[in-house]
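Shared chain: chain A. Partners: chain B in the first complex, chain C in the second.
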Partner chain A sequence: MTLQDILLIIIRVAIGAFVPLCFVAVSVWMERRGASFIQDRSGPNRANILGFRAGGLIQNLADAVKLFFKEDVIPAHIKHKFYFVLAPIIVCVTALVSFAVVPFADTLVLGDKEYLMQAIPTDLGILWFLAIASFAVYGIILAGWSSHNKYGMLGGLRSAAQVISYEIPMGLAIISLLVVYGTVSLNEMAQFQGQLLFGFIPMWGVILQPIGVVIFMVAAFAEANRTPFDLAEGESEIVAGYHVEYSGLKFTIFFMGEYVAMFASSAIIVTLYFGGYQIPWFNTATLLKYAVPVTLLLMIATPIIAKFVAAWIRKNNVSHYERENDPRVREANVYIKIVWGAVILLEAIFFLYLVFASGGAADNILVACLQICTFLAKTTFMLFVYVWVRWTLPRFRYDQLQKLGWNVLLPLSLLNIFVTSAIVVALS
Partner chain B sequence: MSIKVKTIVRYGRSWQERLYLIEVFKGMACTFRHFITNFLDNSKLYVRHYPEVKPEITPRWRGRHRLTTHEDGTIKCVACYMCQTNCPAQCIQIEAGERTDGRTEKVPLKFDIDLLECIYCGYCVEACPMDAIRMDTGIFSVTATNREEMKMTIDQLRSTPGAFSEEEYKKGGA
Partner chain C sequence: MFADGLFILFTVIAVTGAAGLVLFKHPMNGAMSFIVTLIAMAGLYALLSAKLIFAIQLIVYAGAIMSLILFIIMFLNIQEEDLPVEEGRFKYLIGGAIIVAPIGLFLTRVIKSFPGAEKTITVEGFGGIKEVGLILFREWLLPFEIVSILLLVSLVGAVVLAGKRRMVK
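And then the complex of A and B:
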């Protein structure tokens, strides 16, 4: 094993492990600020370090510190302490591990070696995700049961029933997807989506499987226990559901697990239906071929985007009331300097690449970086959709939930399989 | 004359609505509209930047109490115990003494209101025959770092000015 191999393993595992964890902070922030903007409030915007509020991100830090220092209570009535402690760990770890097979860039070719850009370089892909993701519910059931609390128990039961009913449409939606793609490897699926339909439409899953995407997304929302399917923690009926007895760090782990699961399922939705890491109309081969023009385009585009971002910061990072020597304006000045600093850094990297490294292995690395950025941007948008749906739709009643699962999604997904298979057979 | 009948339109029966998905997208369009306007220009948020921008208090607002005085600065309270008797939270403690300024016979030597007990019902104001206690200071946020500070003494209650003019206060319905 060469140094290059080891380095790439470290990079891939680091991305696979730390990106979901970093995105916990981002998605919590997006949830709170997004919710408040949707409801015409401002959300958390006061917590700061030396006057820097980072748009409310500092609030997450304060919350995390609070949760870390809270007393970690195990109530005296709990008989199975081991299971009680195990439950949040299962939820968090399964969520983290299910992200491990998602490719965040196309196969990286360095010299004569190829590297699958996944934390676990395996072809199992979607099978791994299905196996691991449905494990998360074991944590929830275990938490509900070992809490020895009627609310916890009810939450766990609801969650179990919900996952069983939505696992089936999800699996069937994936089957029709497999018929289209003809592979279980997520990387090959993403490569497939780099092609063009009729020569001008990107061949994304969402275009090939318009019904499948709706079914899969609904099922994924139910799987991630998000509104409108978060009956397992319906506050108005069963207090907090399965994590009613949890506090301190154990609650934090549950909380993080929920958001990591949300990230992992957004990543899967993006990979299956929204082209994965593919930039529309620019698949890996095209990108490699036109690496230099693309870089030039990026060199022009970055300052223009930065200008808009700077104007946006200047406009919005002010106090909306009479204030002498507004500290928020000073804050905005620093942010704008940071933005321009980042632009200069990027331009320098692109320039050095163009002058010294273009044409070699650096092309491949550049394309991989671009694809990682695209993948993260798409996933972030998908996370926003999660937040967006949460603050739009009210929670389903329990019978409505089951009715939707069994009476609507199941026949629809079966129909989808027949139609898809018929079309695929007719075309081949 | 026929009976007025208002027919309420029932939603959720047409096939577009039963499809649910179209309505979901409509709802999401609505929330996104709110999101994007506020995201691009956060001065449009319907919020008051509270600690810096105070809300407008009407004269009828029952804020922290004060004891009123005559024009010459002597206290109006005659220590009749009406407010203390009437107080449902029993937060008023009065100790009466002899009055020396010649207005009446009694004067409160001690007039303590425990704001931790007070429920801000305003019964003391209604009970007072002398208009000696009012809740028109406009102070709506009462905070302290310990219990003792929450106990208002007669001096604190006397020295707090009212936030409104006499006409405004009267117009407020008192």
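And then the complex of A and C:
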């Protein structure tokens, strides 16, 4: 193994492991601010370090500190302490590992070597995701069972029944997708979506499989135990379901696991149906061909975008009443300086690339970076969809949930398979 | 060698899990150790470069079937006092092991005398998803379809049996 191999392994594993964890903070922030945006209030925006609030992100830090220093209780009535401790770990680790096969950029070609840009470079793809996602339910079952009380047990039972019944429509939606793409590897699926339909529409899964995307997303929401399918928690009925006995750090791990699972399933939805890392109309070959014009375009676009961002910060980061020497304006000044500093840094990198490195392996690295940014932007939007749905739809009743799964989604996904196969056979 | 080390690791885990399944008294412990065995088995399949079987082992056995079993264990909510008293179960265990031992020895001898036991996998893409699919649907289509009908029959049978018991009530 050369130094380059080792470096790329480290980079890929680091992206696969740390990006979901960083996005826990982002999605918790988005959950709170999104909820307050939808409910027409401000949300958490007061916690600060030396007056810097980072739009509410500091609140997460405060929460983390609170959770770390809380007493971590294992109630005396719990007999199976091992399972009680194991359960949150299973939930968090399976969520993290299920992200490992999602490609965040196209195959990186450096010299004569090719690197699959995913944490575990395998072509098992969607099968790996299905396998690992089905393990997550063990965490919830064990938590509910070992908590040894009625609420925990009910939460665990509900969650298990829900995950088992929604795995079927999810699997069937994936089957019709496999018929379209002809592969299980997520990277090949994303490459397929870089093509154009009729020469001008990006061939994304959402266009080829309009019913499949709805079925898959509903099933993914159910698997992630998010509202409107969060019957396992159901605060108003069974207090908090399976994690009613958990406190302190073990609760934190459950909480993190939920958001990591949300991130992983957003990433899977994006990869399967929304083109993955592909920039619409610019697949990897096109980007490589026009690397220099694209860089020039980016060099022009970044200051313009930064100007709008700065204006937005200036407009919103003020006190809502008259104050002398408004500290929020002072805060905004610093943020705007940071934005412009980032712009200068980016411009310098682009300039150096254009002058010294264009045309070589740097093209491939630039394209990979652009694709990682696209992938993260799409995934962030999908995370917002999760938040959006949570604060828009009420929770299902349990019988409605099962009816939706078995009476609506299952026949619909079977029909989808037949229609898709018929069209694919007719066209080939 | 690295692969040999992994093989020993997985076999030890698999056998330990299987022993746990037999020896633990509480059904939850038994089920959890069985999951460990199934995952270790998946690792063994991966070592044989049977990628598809590896994934299916994880999805179907370790994932779906065992979560149903855990679901049932939780649903019945078995307490310590519900479990039967098993006196002298170690006596039975040791006796059984002594009786079964010759069969085990016989089996190891059979496996050792297999022709081509030293062979390694040579075909490119062996056990991959596409390769297995092509073989299954080209050369073994009829057996494959018969097996799927068998599964369907058992599914319908289960539904019919479950329905009948309800009608008697």
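FYI, the second predicted complex is superposed on the first by the 428 of 428 C-alpha atoms of A that agree within 3 Å, B and C clash if a C-alpha of one lies under 4 Å from a C-alpha of the other, contacts with A are read in each partner's own complex, and residues count from 1 in each chain.
Rule of thumb we're sticking to: contacts are C-beta pairs under 8 Å (C-beta built on N, C-alpha and C of every residue); 3 or more make two chains touch, one makes a residue touch a chain.
Predicted model only: the values in this text are computed from it and were never measured.
For the composite obtained by overlaying on chain A, chain B and chain C can both be accommodated side by side without a clash. Once the two complexes are overlaid on the shared chain, A:344 sits clear of chain B and of chain C alike.
With both structures placed on the common chain, the touch criterion links A:304 to neither chain B nor chain C. Once the two complexes are laid over each other on the shared chain, residue contacts for A:196 go to neither chain B nor chain C.
Of the two partner chains placed by the overlay, only chain B lies in contact with A:389; chain C stays clear of it. The angle formed at chain A by the C-alpha centres of chain B and chain C is 120 degrees to the nearest 10. Between chain B and chain C, it is C that contacts the larger number of residues in chain A.
When the shared chain is aligned, no partner comes close enough to touch A:377: not chain B, not chain C. Contacts of A:153 after superposition: chain C is touched, whereas chain B is not reached. Of the two partner chains placed by superposition, only chain C is touched by A:135; chain B is not. Shared-chain residue A:7: touches no atom of chain B or chain C.
Of all Cα pairs spanning chain B and chain C in the superposition, the closest are 30 Å apart. Comparing the two interfaces of chain A, the one with chain B and the one with chain C have no residue in common.
By the touch rule above, chain A contacts chain B in their complex via residues 34, 37-42, 214, 312, 315-316, 319-321, 323, 388-389, 391-393. Contact residues on chain A toward chain C in their complex (touch as defined above): 79-80, 83, 122-124, 127-128, 130-132, 134-135, 137-138, 141-142, 144-145, 153, 156-157, 160-161, 163-164, 167, 184. The touching residues of chain C, counted against chain A in their complex, run 28, 32, 35, 51-52, 54-56, 58-59, 62-64, 66-68, 70-71, 73-75, 77, 80, 128-129. Partner chain A is touched in their complex by these residues of chain B: 21, 24, 27-28, 30-32, 34-35, 38-47, 49, 52-53.
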